[in-house]
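Have a look at these structures, which come just after this line.
Here chain A shows up in two complexes: once beside chain B, once beside chain C.
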Partner chain A sequence: MSVTSATGTMRIVRPRRVVRRDEAKWTWLLIGVVAAILLVWEAAVSWLHLVPEAFLPPPTAVAASFAQLMVDPAFWQAFAYSLTNVVIGLVLAIVVGVVVGLAVGWSAALRFTVAPFLWLLYSTPKVALAPLFILALGLGSASKIALVFLLAVFPIILNTMEGAVTVGGSLVNAGRVYGVNGLALGWKVIFPATLPYSLSGIQRGAALAFTGEVLGEFLGGTGGLGHMLEFAAYQFEMAEAIALVIVMVIIANLTLLLISTLRRRLAPWYDDRKIAGAS
Partner chain B sequence: MTTTTEPRVPEASPSAPLISVRDLSVAYDVARTGKRLIAIEGVDLDVHEGEFVTVLGPSGCGKTTFMNVVAGLVKPSTGTVLVDGSPVTGPGPDRAVVFQDYALLPWRTVFDNVKFGLEMQKELRGDGWRDRVQEAIELVGLAGFESSYPRELSGGMQQRVGLARAFVAEPRILLMDEPLGAVDALTREVMRDEIDKLIQKTGKTVLFITHSIEEAILLGDRIVVFKSHPGAIKEVIETGLERPRSERSVQHDPRFLELRDHLWDALQGEATAAAVSK
Partner chain C sequence: MSAFLASGPNLGRGGGVAAWLAGLSPAGKAGVLAAEVVVMLLVWQVVVGVLGWINPVFLPPPTAIWQGFVQLVASGVLWPNLLISLQAWLIGFVIAAVIAIPLGLLMGTSLPVDRVVGPIAWTIYATPSIAYQPLAKAWFGFGIGPVVFLVAISALFPILLNVAAGMRTTNASIIRAGRVYGATRMQLYRSVYLPSTVPFLFAGLRQAVVLATIGMVVAELSGSAIGMGALIIKSVNTYQTGQAYAAIAIVMLWSVGMAQLVTLVERWVAPWTRKGRR
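Our next item is the complex of A and B:
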C-alpha cells in the first residue's frame, strides 16, 4: 500500500502495522471474553451455587490449587518426567522425520513406493495403538517416548516431503549449473529450502507429542503430569485436575510459540501464509 | 557501408564450432494429460568461440527449453548437442546460466548469492574470490546491497544478482535467458552496454534470449529467430553491424533499420500465428 503525500513523494505504509493494530484489538477482545467467562463461572459456583463445588470448583479455587502446585516438589518431578519424555521423543521424531521426508521427497522411486504407506499410517488412528505400546514396552518411559515419536513423526515427514517436492525445479537447476551436486545439493539447497516446511510440520508434531505423552501416562504410567492428573481425578480433587490441565495448555502453547518464533528467525524469507494449514 | 561489414566470425570458419546442435528435439511428458508436448523440433545451430548469438521468438516457442538443453539441464529427446566436441551429459563449469526466473537462494545475501557462482570452484580456498565477487557485484551496479536479501530487492535488482553470479563463475559460455527482462529501460541500456563491453573484452561465447528486437540487433553477431508450434528455428540472420554499437550510432544506419523492420515482420507473423492456433 502506498500513499502519495503532499510533497508528491511516495510514502510506504506498511500493511503489517495495520494488521498488528488489528491483532491487538482482537487480543483485548479475547481477554475481555475470558474475563467474562471466569466471572460467570465464579458467580455460578461460589455465589449462586448452581453447580456443586465438588464437580466444578470456582476459578479462585483452581487458582489456589495452581499456586500450590507451583511450590509442590512432586509436581516439578512429574513435570520433569513428562517433559523429558516429550523432548526425547520429539527430537527423535524431528531427526527421523526430516531425513526420511527429504529422502522420500527427493527420490521419485521412494515417493511412489514409500509415500502411499506414509499417508496410510498418517491417517491410521495411532491412539488406538497406545495400549499395544504399553503392553510391549512396559509402564516406564520407553512406551511414552515411543508414543510421542509415533504421533509426532508423521506430520514432520509429510510436511518435509511436500517441501522437498515443491522446492525442486529452479533452485536445484541453479545448484546443478554451479556444480553443486549430491550431498552438497541436499545440504546447501534442498535442506534450507525445505526448512520452513519442516518447521511447520515440527510445530504440528510438537502439539501431538504432548498428547502422546499424556495419553501414555493415562493408560499405564508410573509418573508424569498425565499420571498426576489421573490421580487427582480419582481422588475427586477437581481444582487440582483443572489446574493441571491449565499447566498442560500452557506448556503446549509455549512450545508452539517457541517453534513459530524459531521459524520466523530461521526462515524469514518464507511467508507463513504460503504454507497451507500452518499456524 | 555497414551493410557489407564482415561479421566478426566468418561464415566458413575453419575451426570447429564451440557449440554444435544437430537435429535437436525436446518433448515434455505432461503428466496431467498424459500427452507428450513437443517443445522444439529439428533445431540445428553452430556457435563458434567468441560469438554472441541472440535468440528471439514468441513466448512459449521453446527458447528456454533450447537453452536448458545446452546448459545440460534438460535431456534431448532426439538429436545431439556437442560443446567443444563432446556431447553434453549435464551442466559443467564451462557453462553458466542466467535464469529467466532469477533462481536466487532466498536465505542468502546478495554477496553470498553471487558467491554461489564460485561455490564448487577451488578458488574458494584462497582469499582472492572475495574480490572477484565484489567486482561482479559492482559490475551489475549493486554495490552497497551486498548484505541485502533477495526479498528486499526489486525484480530488476534480483535479475542483476543472477547476472553477477554467472559472471563471477567466469565460464567459457554464458547462457542468458532474458537477463534484462525485469530491468527498467534506463538501467537496461546501461546494463546492455556493460554486458557488451564485458563480452567483447573477455571474448566469451554467448547465447542471449531476449524479447527486445533492438537488444537482439545491438548485441548479436547473429540473431536466431524461433517460431512456435512446434518450436523451431525460423531463420538465422547475421547482423553485420560494426562494433562498438550504441543505440545512437545505429539509429540511422540503414542496415539496422532494415534488420529491425525484417525482425518486426517475422515476429509479428509468428505472434499472430500463435494467437490464431490457440
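Our next item is the complex of A and C:
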C-alpha cells in the first residue's frame, strides 16, 4: 500500500494488521485447550493421584516454584551469568559470520574453495566438541563463550553467503549505473539485500547459542541457568526443574520474537516464506 | 547445498582464479576440491604434528585421529557404543515421524487443529531441546530412555511443522482445477495435497536428521554411560583426544549420511521435487 505524503514523494505504508473476529475465536479456542490440559494435569496428579507428585508435580506447584524463582536473587544471578555469555558469544558470531559470509558469497574463488568446508562444518554436530572446549578453556565463562560462538557462527555464515549469492544482478547493475562501486557497493546494495538472510541465520544461530551455553553449564562449572536446572533435576526438585524449563522456553521464544520483529522492521519488503520454504 | 556452485551476483569482471575455476569441467572441479582437502590435511598435520603450534591434546593431527580410530576399533569399545547410539537415534526418529506425519496432515486438513496445535508446537520447537534434557533424565533414568526422548522431541517438530506448512501452501488454483474436474475429497488429497506436501516432508526430515543428531549427542554427553557421547566424554577425560575426534567424526558421518539418505529416498519416491530432480 503506498500513499502520497505532503511532500509529494511516495511513501510505503505497511497495512495495519487486521484482527478479524474469527481469528480471535481461534485464540480463545487455544486458551481453552491449554487450560483444559492444565486442568487434566492438575486433576490427574493432585486429585486422582494417577501420577506420583514427586515425578510430575501439578501445575499449581510449578506455578508456585516459578513465583519463588522470580524473587530469588540466586536465580537472577544465574540468569545474568548465562545471558552475558550468550550475548558475548552471539555478538562475536554475528560480526564474524556476516563478514565471512559476505566475503565468501561475494568472491567466486572463495566460494568455490572455502564454501564446501563451511558446509561440512555446518552439518557437523559440533555439540560433540563441547568436552574438548571445557578441557582446553576450563570451567569458567571462556569455554562457554567459545562454544556459543562455534555453534552460532556457521548458520550465520551460510545464510549470509546464500543471501549474497542470490542478490539480484539487476540490483548490482543499477548500483553500478549510479556509480556505486567497490566497498560502497557492498555496503549500500549487497549488505541490505543480504540482511534478511543474515537475520534468519542469526535466528538459528541464537537457538544454537542457547544450546551451547546450557550444554557448557551441564558439563562443567557452577553458574548459570543450565547448571541450576541440572541441579534441580538431580535433586528431584521437579517443580523447580519444570519452572526453569518454562523460563528457558520463555527466553527462547522472546529471542525468536525479537529477531523476527527486527527482520520485519529492517527488511519489511522481504517475504518470510521465501526463506522458510522447502529447500 | 549447491550455493557454492551457483553463479552468484555478477560482481567482478571475471578473470583470474574465478574465471579459471568457472571454466573447469565437473571432473576438474572435483579434482581441485580433492587437492584442497589433501592440502588442508597436510597443513593441519604439519602445523600441529611437526611444528607444534597448537597443543596436540586439544587439536590432534589427522594421523593421531586415525590412530585413535584404530584404537577404538581394536579395543572393541567402538561397536557397542555405536550400536546403542544408532539404536536410540533410529527409535527416536521413527517415533517422531510416526507422530509428526499424521498430526501434520491433520493440521493441514483441519483449521481448528492447526490453530491449536500450531502455536504450541512452534513454542516448543523454538526452544532448544537441550532444555528438556534434565527432565528426561529424571523421568527416564540413565539408560537409553532420555536419549530416545531427546531425539524424538528434536525430530518431531521440524517434520510436523513442515508437513503442516506443505498442506497449507498447496497451490489453490490446482485445487480448484481438481474440483472443476470433479475430484472427490479423497482424490484431492491423494493427487493434489499429498504430492505438493512431499517436498516439505523431505525438507522437514532433513532438518530433523540434523536436530536429532544434536539431540542424541547432547543427551549422551550429559548423563549417559554408553553411546557415542559417553565415549567422547570418556576419551576426553583420559586425554585421549585422538579417540574423541575419531568418535566425533563417526557421529558427523552418520549425520551427513542420514541426510544424504533422505535425499536419495526423496529422489526415488518423489522425483518431481526440486531436490529429487537433481
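One rule holds for everything that comes next: the second predicted complex is superposed on the first by the 245 of 279 C-alpha atoms of A that agree within 3 Å, B and C clash if a C-alpha of one lies under 4 Å from a C-alpha of the other, contacts with A are read in each partner's own complex, and residues count from 1 in each chain.
The rule we apply is simple: a residue touches a chain if its C-beta (ideal position, glycine included) is under 8 Å from a C-beta of that chain, and two chains touch if they have at least 3 such contacts.
For clarity, every value in this text was computed on a predicted model and none was experimentally measured.
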Superposed on chain A, are chain B and chain C clashing or fitting side by side?
-> fit
Partner chain(s) touched by A:33 [first = chain B, second = chain C, both, neither] | second
Counting only touches as set out at the top, which of chain B and chain C does A:55 meet: first, second, both, neither?
-> second
Return first, second, both or neither, reflecting whether A:179 touches chain B, chain C, both chains, or no partner chain.
-> first
Would you sort A:264 into first (chain B), second (chain C), both or neither based on which partner it touches?
-> neither
Look at A:215 in the shared chain and tell me whether it touches chain B only, chain C only, both, or neither; answer first, second, both or neither.
-> second
Counting residues of chain A in contact, which comes out ahead: chain B or chain C?
-> C
For A:192, select first, second, both or neither according to whether it touches chain B, chain C, the two together, or no partner.
-> first
Overlay on A puts the nearest Cα atoms of chain B and chain C apart, in Å, by 8
Contact residues of chain A, present in both the chain B and the chain C interface | 173
Name, in rising order, each residue of chain B that touches chain A in their complex.
-> 68, 71-73, 90-93, 95-97, 99, 101, 103-107, 116-121, 149-151, 165, 169
Inside the complex, what are the residues of chain C that reach chain A?
-> 1, 3-6, 8-12, 16-18, 21-22, 29, 32-33, 36, 40, 55, 57-58, 111-112, 115-116, 119-120, 123-124, 126-128, 130-135, 137-139, 162, 165-166, 169, 199-200, 202-203, 210, 213-214, 217-218, 221-222, 228-229, 232-233, 236-237, 239, 241, 244, 247-248, 251-252, 255-256, 259, 273-274
The residues of chain A that touch chain B in their complex are 170-171, 173-174, 176-180, 184, 188-189, 192-193, 267-270
In their complex, what parts of chain A are in touch with chain C?
-> 26, 29-30, 33-34, 55, 105-109, 111-113, 115-117, 119-120, 123-125, 127-132, 134-136, 158, 161-162, 164-169, 172-173, 185, 190, 207-208, 210-211, 214-215, 218-219, 226, 229-230, 232-234, 236, 238, 241-242, 245, 248-249, 252-253, 256, 273, 276-279
